[in-house]
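As written, the chain order gives the labels A, B, C, D and E, with residue 1 at the start of each chain.
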Amino acid sequence: MADLTARDIDRAGDSRSAYLALVRRRQTYSFLLLIVFVALMVSGFRIANDRNAGGFVDGLPQILDFPADVVSEAWRNAAELPGHFLAFLPALIETVNIAAVATLVGAIAAIVLALLSTRGLARWPRAIPLFRRIMDIMRAIPDIVIALILIFLMGVGPMPAVIAIAIHTAGALGKLFSEVAENADLKPVEGLQSVGARWLQQMYLGVLPQIAPNLLSYALLRFEINIRASAILGFVGAGGIGYELKNAITWGQGQFAESAAIFILLFATIVFFDQLSSAARHRLAHGKGAL
Amino acid sequence: MLRIESLTKRFGANTAVDAASFTVDAPRMIGIIGASGAGKSTMLRMISRLTDASEGRILFDGRDVLQLRGRAKRAWQSDCAMIFQQFNLVPRLDVVSNVLHGTLGQRSTLATMFNLFPREDIHRAIDILERLGIAEHAAKRAEALSGGQQQRVAIARALMQEPKMILADEPIASLDPMNAQTVMEALRRIHEEDGRMVIANLHTLDTARRYCDRVIGMRLGRIVFDGTPAQLTTGAARDIYGAGADFSEDATSTEIRDRDLYAEAALRDAEATV
Amino acid sequence: MLRIESLTKRFGANTAVDAASFTVDAPRMIGIIGASGAGKSTMLRMISRLTDASEGRILFDGRDVLQLRGRAKRAWQSDCAMIFQQFNLVPRLDVVSNVLHGTLGQRSTLATMFNLFPREDIHRAIDILERLGIAEHAAKRAEALSGGQQQRVAIARALMQEPKMILADEPIASLDPMNAQTVMEALRRIHEEDGRMVIANLHTLDTARRYCDRVIGMRLGRIVFDGTPAQLTTGAARDIYGAGADFSEDATSTEIRDRDLYAEAALRDAEATV
Amino acid sequence: APVAAQEIEEFNIGLLGGENAQDRLASNQCLADYATEALGVPVKLFAPADYNGVMQGLLGGTIDMAWLGASSYAGVYVQDPEAVEPVLVKTNLDGSYSYHSIGFARTDSGIGSLQDAEGKVFGFGDPNSTSGYLIPQVEIPQEIGADMEEFFGDVRFTGGHEQTIVAVANGDIDAGVTWADGLGAWEDGYNSGALRKAADAGIVDMNAIQEIWKSKPIPEGPVVLRKALPDDVKQTMVDLVQNLHETDPDCAYGVAAGETAGFTPITHDAYETIIEVRKAESS
Amino acid sequence: MTDATASLAATDPRARAEAGIRRQRRIALAIPAAILLYLIYIFFAFDLPGLASRLRVDNMVTLVSDTWSYKTHVTRDNRSGDVEVAIEGERQGTYAEGAAPDWVTRDGDVTEIRLAPDHLAVFDGGQVRYDVPGYGLVTAEHDGRDIALDTPDGTVPDFISASGARVDITTHAGRVSLTRNRNEVFRYFAGWELFFFTLSSPYHGHAAGEILFGDRIDPDRSNIVGAWQDFWGNPMWRHADVAWALGETILMAFLGTMGAALVALPLGFAAARNFAPVLAIRFAVRRVFDFARGVDALIWTILLSRAFGPGPLTGTLAILLTDTGTFGKLFSETLENVDTRQIEGVRSTGAKPLQRYRFGVIPQITPVLLSQVLYLLESNTRSATIIGAITGGGIGLLLTQAIITQKDWEEVSYYIVLIVVMVILMDTVSGWLRNKLIRGD
């Protein structure tokens, strides 16, 4: 009995020191990680600050100068704003259309790519890595790169932006869709397979209905992102509201009313679709989301 | 009509079905029994070409089913309907649509995408549902039905295929005894009335005895028993299940009559304890 | 030491606890039983000040616990440890860290923010874990443990608080019988060895009978029984649960011994059928 | 010798668009090196994507020196007259300091004059460009006797001189404007200017495009310094740039983007007209 | 049961089923039909028929061939009569006086340029001769203010573009051009010449093995140091600048994302229903998030450029502002979904509110937050490319400017490769970190 207790104490001592060592090690790691992170942040900030034309501290007091210029001019010409809204509406519609088509086409491509690269569903299981790599690359190339090259190839217009955004969308959504499809229930697919259904029928009838609410939710989120992307691409030459914004803001004083009108339109659009897609996604996630 | 010749399936080092052979000359209702992992499911899945075989031949009316590819393979799948333990319906679609899926093998992809099923198919689907006693649920989503009802929808889908053969992989394993009985009776009736061959994997001896004309017993991938229900003695069952002398057949039972007895006994006992 | 006076809790129109009163003079192990919704959890949560009471008083050593605010309230919470049905541990943190949370009430916020606990606390935590037989899991994440082990970690966290009283809200309801027994025995041992008061909500009569010194029965928010386990007859239980004559106490049982009996009976019966 | 180390901590030079950001930085690096030496503080070069980037820098006081176009100077002046002052201007080989806005179209487009371009797509460069927007925006309507928006099918900004040339050459737009010194031969793209650079780089075949319009002389844009800079810093930089042509012709070639006779002093008065024009365009 | 009810019962399910299928069919047709209609509208709104005619195949050919090839210019300055050979016509690619590649032979005023085994172009004073196989000798020469062109058949074939002032002869082997100022011949080669060393570097033309293990090439420097210096400082490809630009892009993404996460964390609590009971505060904070997100990094960049001028800090702050909005929204949603049991467990020990957050909330939200932060970090690497293009910094500026000026497509493809590698790398690193930090201890 005495022997047993001694061994017990021994074991207790062991687990105590082992745990303390573990804690020490963990604290050291966390501490090091923290140091590294803080060092990265501080030194990174200093580099950015040094390489910038104006410093952070000097710039901070001036941060409102430009917005103030814009707002005051827009305020003085407030009467013109409704006219500007109307004038820029077609460009805004073009921007939204670019985003919508790109999302639509990209999402359809993403569904196909996702199904082709999901284990258990793939038409050609051996080609799964191939389709995955394709999606990776589609995701990795920034849309601005594709857009600029396409502008070179087919001239200025909405199509380069559509294609660029659609390619990126297909890659980004494809990955998400494939994660969703991975969790799909395979029983209906097997059931359909057993009646002699083709692959397309199996997917369309057995998989899509299951995953559609999730896909729709992701696609809506993407649409919202794509509206921004579409505006930005306009800024570098792909038309739409971004082009108008660039010209107005570049001219500076004298066109700040136009700039303000475009800001407001763009902001309102982004917030509108943001709220719309949040609401729709919320509905999809919490039942009632029958397609 | 069906002839299986040394059919083998290996998963890596593991041989799930090991040189199984048997012949069926006329449409019969055949039960396959065996312990879990004996290879029953694998056997059926090879016949319906859901899984590829490693070796052997499956001859149906003289043609080797294992050689079929593409369209011919799908035609075979449509000739040989499969019923699953978990029903494998499309839960979000309504019952009629699920039954109509039985015709997918014969319809063009595009037509099915847009739900263009001929009117006579729809009528036939309803007739089948009627026959199985679930026509009033036709418009409901499959997921809204009870297990027994869902399995009957699956049987309806199978019948919709106008199959030469129905394969059922433990069709009643996830059903309560009440529903199990309905489903087995439906299968038996189809066999008797339509004269279709039915091969069913079964978990329980008594079900096999009661509904089948012939019983095949599998153990560790091999066929170790092949005979009439009458030949299936408790001794034979012990061999199939690889069990010792303590083997109680009722451990596999799901039949209502037996279950009631069992429940009553438990109740009696419980009351005794109070 | 503990005196509850017409304690009441209303959730809107619903009265969860209705003028409950009782007195405990010495550290006892007390079981509270009652049907689901009887108000057991609400009672404990009011004592530990996790939920505010609507009316009434809770006197501990003469001081009204319900009047405590801020620091004093937290000191009380640290004096009166709570154990939950779902353990309520932080699953991603390791076992010792979870146990150390028991000291949070006494430690300065700043020190704990950086996870800096004194070495003697760590030693004590491991001692407690040892006492509960789970010291070897000290470094694992809480989520990696089985339910019974997690509940023992929760008990360890409670002990770490050096509490005057341990409140346990259905500590074994989500455990299997084996684990349930370990946990209940741990609580009993703590009560006996340390002389701490334990109040436990329990789902099952036999557990209450076996481990408690005193049993309080609640029904629809009222205390309808207060006596020794011996006084808790099947008739009394029927009143507590508001059940009819068909009430079988075993329906609530989770104890291993009884279960074995039950299983044996079933087995006997099964063999009789063969 | 370092003159102003105690008064400024760094000196930032902004570079207007016109070629690859890298090329711009590279051809001005020598100036930055001289400036570092002369001022004794770090000198940095910034090459934002468009005119506006440099203008904002000057307005916000984060950029100390830049060589602007006349219109960009006017733009800065209009927004804040106290921000910058012109100090030097580049002179051409013949001593003049003016250049022209050149309207051009593809030879095979059938557009030989502005009148031919009626209903066609017309392209400007950057809205802040003098030759690429401001001057043609004023002079072309006078010449065609109509509003540009009405006369042309569509009027578009391409973003810069290079983009205009490429867009016309590619047929994206039917005609556009860019700048040239107007000296030398059309086939070479004149002696200097955006056309010359494009032709030299092989981007455009000068046989494939033709001139359809030429503006009146436009004053060359000024080199500006931030007004708030200490006087000795300003003087140092003026001297440095003015003498660059003698001290290091290669560097001067890079900074001035071609052959010049050097930089000469200039004052705000030279740009009054342009400023008036810009103000008129703004309202 | 009467006959009537029996037949009704028999026909009714059929009719109902038919109606059901018809309804589904309508839906199944309506969705694709709506999509199709929209696409048709877009087809005309975006003028797709016109697009086909605007598609420039020649540009595509230029792009593709330029990405993997370079040209060497042989130029005769007609005023001075000097002949120069320069890769890509750039100053840094110019062969030193007297030196020339072996396909250019010079003899006094005659320069022979062999474009292909059977293609020979000759500068003979101001005259240019090009013997085009299968066609014959083309001669062009300045004649006063004009250029005199002489072809075998006296006509001007397709591959020659001629006017009084300029002649261009283009064949698959190369291009010859004459203007008043100069005569030029271009020969095309595969590859990215001078990627490692320019002609001015002593290491140009040496194999890797030679540089690593061979004799000292430049007597002043050891081979490895010298080669590195010349490579890193390569004046044509400017590897150091490009590397910095990449670094700047990643820096903007990193600082912006992490800064935003740090700012958004406390604000996220203020916007979460279960942590900020005051509706007014919650509402206000959420609108701030919406605003920061809605304005978008692009516009923030413009608005900030006045105060901070061009450079990476401006881009960083723009990303930081936008992402504060994004993170704020994500974080507050995460916080609203926390498991309250853990918090209650900590609370029951008498823990103070801050301790409750520290032990009841932080451990459970850390993995979710971390994975959100890492996801955005990766996506911001792409955004930083674009923001750099606007604010004047990073690889985005280099890329957009190289594309806009439409020459140097080999540089464009180089940048694209670098960007793609950078994004994939960030993707991999963030995936690795996610696994490490979330699944690890």
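The rule we apply is simple: a residue touches a chain if its C-beta (ideal position, glycine included) is under 8 Å from a C-beta of that chain, and two chains touch if they have at least 3 such contacts.
Chain identities (UniProt): A, E = Phosphate-import permease protein PhnE; B, C = Phosphate-import ATP-binding protein PhnC.
On a predicted model such as this, the values are computed, not experimentally measured, just so you know.
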What's the overlap between the neighbours of chain B and those of chain C? A, E
Hop across touching chains from chain D and tell me the fewest hops that reach chain E. 1
Which chain's mean C-alpha position is the greatest distance from chain C's? D
Select, from A-E and C-E, the pair of chains that is joined by more C-beta pairs in contact. A-E
Could you say which chain's mean Cα position falls nearest to the mean Cα position of the entire protein shown? A
Please identify the chain with the largest separation between its CA centroid and the CA centroid of chain B. D
Mean-CA-position distance for chain D and chain A (Å): 38
Approximately how many whole Å separate the CA-defined centres of chain A and chain C? 47
Rounded to the nearest Å, the gap separating the Cα centres of chain B and chain E is 58
Report the inter-centroid distance (CA atoms only) between chain C and chain D in whole Å. 82
Where in chain D do residues touch two or more of the other chains? 12, 14, 46, 52, 56-57, 60, 62-63, 159, 163, 170-172
Out of chain B, which residues touch more than one other chain, so two or more? 113
Touching two or more other chains - residue numbers and ranges from chain A: 51-54, 59, 62, 65-66, 155, 237, 249
Complex interface listing, chain E residues touching chain B: 10, 13-14, 16-18, 20-21, 24-25, 28-29, 32
Parts of chain E lying in touch with chain C, wherever the complex brings them together: 341-342, 344-352, 354-355, 358-360, 363-364, 366-367
Show which residues of chain C lie in contact with chain A when the two form their complex. 96, 115, 119, 122-123, 126-127, 130, 135-136, 138-139
Per the touch rule, the chain E residues reaching chain D in their complex are 54, 56, 59, 89, 161-163, 165-166, 168, 179-181, 186, 235, 238, 241, 305-311, 389-392, 397-398, 400-402, 404-408
Chain A touches which residues of chain B in the complex? 48, 50, 73-78, 81-82, 84, 86-93, 101-105, 109, 112-113, 154, 157, 161
